[in-house]
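Chain lettering (A, B, C and D) follows the sequence in which the chains are written, and residue indices restart at 1 in each chain.
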Amino acid sequence: MIADTPPMGWNSWDCYGAAVTEEQVLQNAEYMAKYLKQYGWEYIVVDIQWSAPDADSHEYHAFSELRMDGFGRLIPAENRFPSAAGGRGFRPLADKIHEMGLKFGIHIMRGMPRMAAHQHLPIKDSDATCDQAANPHSICLWNPDMYGLKCDTPQARAYYDSIFRLYAEWGVDFVKCDDIAREYPHCEKEIEVISAACRKCGRDMVLSLSPGPAPLDRAEHLKTWANMWRITDDFWDKWELLKGMFERAEKWCIHAGPGHWPDADMLPVGALRQCYDPDNRTQFTQAEQRTMMTLWCMMRSPLMIGGEMTKNDDFTLKLLTNGEVLAIEKESWSAHPLFTTEKESAWIAPRRDGTGYYLALFNLSDEERTVTVSAKQQGLADSSEATELWTGRKTAETESYSATLAAHDAAVFRCFS
Amino acid sequence: MIADTPPMGWNSWDCYGAAVTEEQVLQNAEYMAKYLKQYGWEYIVVDIQWSAPDADSHEYHAFSELRMDGFGRLIPAENRFPSAAGGRGFRPLADKIHEMGLKFGIHIMRGMPRMAAHQHLPIKDSDATCDQAANPHSICLWNPDMYGLKCDTPQARAYYDSIFRLYAEWGVDFVKCDDIAREYPHCEKEIEVISAACRKCGRDMVLSLSPGPAPLDRAEHLKTWANMWRITDDFWDKWELLKGMFERAEKWCIHAGPGHWPDADMLPVGALRQCYDPDNRTQFTQAEQRTMMTLWCMMRSPLMIGGEMTKNDDFTLKLLTNGEVLAIEKESWSAHPLFTTEKESAWIAPRRDGTGYYLALFNLSDEERTVTVSAKQQGLADSSEATELWTGRKTAETESYSATLAAHDAAVFRCFS
Amino acid sequence: MIADTPPMGWNSWDCYGAAVTEEQVLQNAEYMAKYLKQYGWEYIVVDIQWSAPDADSHEYHAFSELRMDGFGRLIPAENRFPSAAGGRGFRPLADKIHEMGLKFGIHIMRGMPRMAAHQHLPIKDSDATCDQAANPHSICLWNPDMYGLKCDTPQARAYYDSIFRLYAEWGVDFVKCDDIAREYPHCEKEIEVISAACRKCGRDMVLSLSPGPAPLDRAEHLKTWANMWRITDDFWDKWELLKGMFERAEKWCIHAGPGHWPDADMLPVGALRQCYDPDNRTQFTQAEQRTMMTLWCMMRSPLMIGGEMTKNDDFTLKLLTNGEVLAIEKESWSAHPLFTTEKESAWIAPRRDGTGYYLALFNLSDEERTVTVSAKQQGLADSSEATELWTGRKTAETESYSATLAAHDAAVFRCFS
Amino acid sequence: MIADTPPMGWNSWDCYGAAVTEEQVLQNAEYMAKYLKQYGWEYIVVDIQWSAPDADSHEYHAFSELRMDGFGRLIPAENRFPSAAGGRGFRPLADKIHEMGLKFGIHIMRGMPRMAAHQHLPIKDSDATCDQAANPHSICLWNPDMYGLKCDTPQARAYYDSIFRLYAEWGVDFVKCDDIAREYPHCEKEIEVISAACRKCGRDMVLSLSPGPAPLDRAEHLKTWANMWRITDDFWDKWELLKGMFERAEKWCIHAGPGHWPDADMLPVGALRQCYDPDNRTQFTQAEQRTMMTLWCMMRSPLMIGGEMTKNDDFTLKLLTNGEVLAIEKESWSAHPLFTTEKESAWIAPRRDGTGYYLALFNLSDEERTVTVSAKQQGLADSSEATELWTGRKTAETESYSATLAAHDAAVFRCFS
């Protein structure tokens, strides 16, 4: 089953924007294989604009001369991905990553390159031409490259089939499709056609939809057609965004389950924005990073590391390799908040195996604060002992759970029944 | 702790509207004591308009001469509640109900009788007069009797304190306060003042807020100040309303917990609308009634019987006395839907004690339908055996759960770990 | 024909709020008869709350004991209107004002006194009682006294008929009905019933509707049922409100005509707010007052003086007695703005008799400014000479009109063809 | 002064859609010169898609290969406009039309051809390239050809300057710019840049903005930057659309004046939709056509004939050559409706020269109806006699004006003072 637990991996956007290179991808893959793989991390995802020779930052260049094959399918820019030379596409890079025991993912925009339509290129394995599939009125509001497709036509299906077959040939395991998750209702059909192309392409691929916020009232559609979808706009290392995620997490938590995961976006940890400044690091405090990891795990969000991993410091590496915390993603179910106020929040997540539950306490205030939950008042199951998973501190006190937390910090207890 | 599990009882509205009499209340109390008490049912609630001598149906009479004492506090109309004669109020009736081992509840409208303000009556145990507490612009949109109070004044607090002290003297255990739950934001302060008066009146009382829909984004305020609150407008015996409750239940389920329960409203079962026609019965099919009971229990809604209980038929009595189903209200936590489509829905609720979980299957379509859930695909905990609680059928098949259900019917499994 | 030109008069609100007395009314009537009558001023209007003995400012007292007769009809409070003693109502006051050659008006709230309904009083010349006509849910948002009526009932018509017959007996010539002009759609029927009662009461009365803004898209309904109606919320002596009136005037100007006049509200000139401070004067500059008078005349708004007239200074009296400017109200038609920008505006109003037109220039900026209009560019009719009506300055230059105006000042030309 | 009275002419859209040919344009010009010129008709306008070789109906073809010069400026498709061969553009056609004593107009879309940007073409008389001026996110919702420009850049100004210089060289007198009038606020700057390019191009051109509805609250911006602008979406020969125009006309009438005219769109009279069916004629009844002409003239809308004129029948020709009715466009000012109800409407328009006024009566109902206006009740100027302009009937009765009108018919009186 695809994505039976929330996918975990690395994505190039937070550190390299649109400009990542093959070399950078490989160095992160090697790091992951060495330090993170044993904790469940496995996907290496090349984000947006890999076909643009002139990409150099988080910005997009209008009217860039994107690389594409004779069928209007984007291919990697060879100046950035040398192994793609000779029409081999991402296959050589994917092979290397697979050899490390990892999985390989790419970003796509919905639609086709505008030039493919203007040049009336043929669609692979089809009698149709690209201009017949393209919708000249369906454009992305923030990226200038593509036309969306007329998804009620066989030509559109033919085009999407043709690109997913190419990705299958390349060995792609994960596709992050962009300009689509918040574009209901007009992209609803496009989601279905892309998802159908993905499922029949001959290779298992996780289908991830961006950007958010996806609409809550379309949750069942998303659960049906995608493996993960963004629940907010882009998430970065600002406390206001992290605090705001509690409200989204509350609304979406009931929709997490095998094969379909609400996605709180990448983890902006460690070395970020490398295309602007190689010394740039996350603005999150350590406390805030614990809060982020705790919330993402409790709500069972996918986990995608955003930083250049080879520059991880000790704290970052430990943050990402706390096996007890990461286990929440795989062992819990039915999580929900007990309460969320301006100053604090508490979440509960029973273990599926019946051996107790997880209880997370969050200090959302800007000062140190003791957060307490009474087991009886909250109707928690009886527990005999508990361990706080960030500190390892054990406690026999199980009538109430309490933690004195720095501003924006979190604690999470494994409570044994 | 007040309302540590969802309150269960009977309310006079669905069968008698605004016109219930003491005799009718007592006959229902006696029935409950005899047939239902052992299953957890305990509250007997007199609904709206008990101070109106001329109430005769579900309608309200404008400019009715409501009975009140010299302090502007409504008292029972003696022609309908004879034991209230001599200024004894509801005390004699409450005493009788307590003697049966049950609890007694009343309905109130927020505010005070309009005439109390126009007549400038004194407020009990206060130097103020009623006109000083009343807000002449704060009126109910559907009932003509009351003025809301100016809740930022000490006079308003004095008035609310005075009525809750009276209810404590009467022996009231449950107060359903009306015209308030959906009146955010302008009634937010009034909720707080009423709740404070309730908590300091000297007697434990459940505080229930009506009508719905209460606003989801004020969930934490409701959890803080009330024990239960309506999540929809009035619920009656129509399939469309029952089907619509699935959406509300999905949004509110994470907010259920000890002391604070989202309320899906009364159960319109058995003999309804008796003030119009003594032969009137619920329009729900038996299947629909099972679906209603199953959903209410899974989401842990309070349960308030709406029918004249002495006219219960066998089916109705069995519906209300299935101890295994009712146990879900007390033994589960963290319930949530697995999915809800136009045609079917499934809900899951782990048991707090770790001994498995409940799984409910609903056929929302208008035809017979087999609803199936794969344990693995949905990430359910491993289970060794299961019992369907409406039929008692046991099954050793636990890789998937399946039920062939009539239109609008439900099944609910107790799955043992 | 009633109100064949825009009504002109005085209203007690701006100077006395809810608290005006008979003596104050008479002193203003005497002033008008002596100084203003010959310029067309004729109505003396007693504004809100004349039945409240305790009115003392611009505020309303909740649960005040309003004076009413045995049929639930409000009558003047004798402590404020001594001539009303003995059940004579406003008749003696109206008689005195008529003797001066003026006309008499009163303010009413839509609906009936709340106590009339609660006391179940009979309706005059009807078998019905007040509670049958009153709508307990129809209340004013800002005044606590009244219930609106159930206007689809004969009882409501009977009540409104009964009060207008009383006003006819009193000799009322003008009724300003409040809480109604901006209350579309729910007060649409109430406007019709009030208007019908007014028209059949046996005496000609101007019917004026307040407060604004009345909805522009209901212009034809207003033109059909009322003689004037407010186009903004309360207008006071603040430049922002005056500047804002240009937009309203632009939208409403096409709807001015005999019998139906969009009303820009009272003129806050001279001595205002006397109930708080006898030395209080308008905050408008002389320039702003010229702009106000010019705009009101060009758009043909009714003119109701707001100040205590006996305290008029020379400027104020001259402002109100410029016969050439006031003539615009009677001699022009089809006025409209040529343009309105942040800094200036120009309006044109042809004379009905074909002898040229009026051209108003406004400096809306906060600095001195020369405003110019080219006759040719704006398509103005040929003109041989022109007179500026505030200064009396004549000009033979008629290819363009120009005025150097202080901040917020106006000029208005009579252009002769 | 450009457009000192409302422009009058012919436009190819209603009869030929996107597909008109040079031959068809010329035959209509010849007709106009012969039959209509003496009544004030003068503009011959080639509507949308004249650079598309494959245009064949009212539809647009996505990814069509539009003809353009080496500077990204669209030029006529030679297969449809043979005289444009050899790079002569519209110059030869304009010359012929000018020789007939008429004026020549063209349609443009805001922006530049998409291919001009994708091909990075140079901008004429500039160092910039087209891709620098184009905004890849600014597209038309209904036409697939163009990108809007980044109007805060000098490159965008350079491009617009370059196309208007070309139009000046061609001898263009009228430019209808499309995809812009209702696109406030995001096209506000683009309107200004286009208007500036038009005014400095060296030749007088009327600037007309489409499609509607332009926003009423931007009237002053439109009056400042354009000569005419559409006040509704496309107008066709359906009574509902004609009836709906009364509301728009009412709102916009005060904004008509020399150089700036609210535009009620083309007149769908005579032979329409010729690209589909050479026998197609207007669906309007003769009565409706009189109503349309009367309303357009009273509100002083520009008049653009939509039908293939060589197929005019007698009625159509007479409709378009009633000099007394057409004179309203030039001789009146300050028009406005007296009233507009579901069943009838009346409009008034004074003559600028003071010699009376025009009064139009409309029957908006679906049955014959006598519409009457009392001169006194409506405050009309005194009149000694009057002539109804469609019938020529004179009347000495001037106390009231009355006409018995067929369903949807109109009368218009010239009332002499």
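General observations
Convention: a contact is a pair of C-beta atoms (placed from the backbone, for glycine too) under 8 Å apart; a residue touches a chain by one contact, two chains touch by 3 or more.
Quick caveat: nothing in here was measured; it's all calculated off a predicted structure.
Using the contact threshold fixed earlier, the set of chains in contact with both chain A and chain B is empty. Think of each touching pair as a link: the shortest run of links from chain B to chain D has 2 of them. Mean C-alpha positions place chain B and chain C at a centre distance of 53 Å.
Once the centre of each chain is set as its mean CA position, chain C and chain D turn out to be 42 Å apart. Per-chain CA centroids place chain A at a distance of 65 Å from chain C. Residue positions of chain D touching 2 or more other chains: there are none.
For chain B in complex with chain A, the residues that touch the partner chain are 1, 4, 220, 223, 250, 253-254, 257-259, 333-341, 348-356, 376-382, 417. Interface of chain C with chain B (complex): residues 62-63, 114-115, 117-118, 120, 131, 134-137, 139-142, 144.
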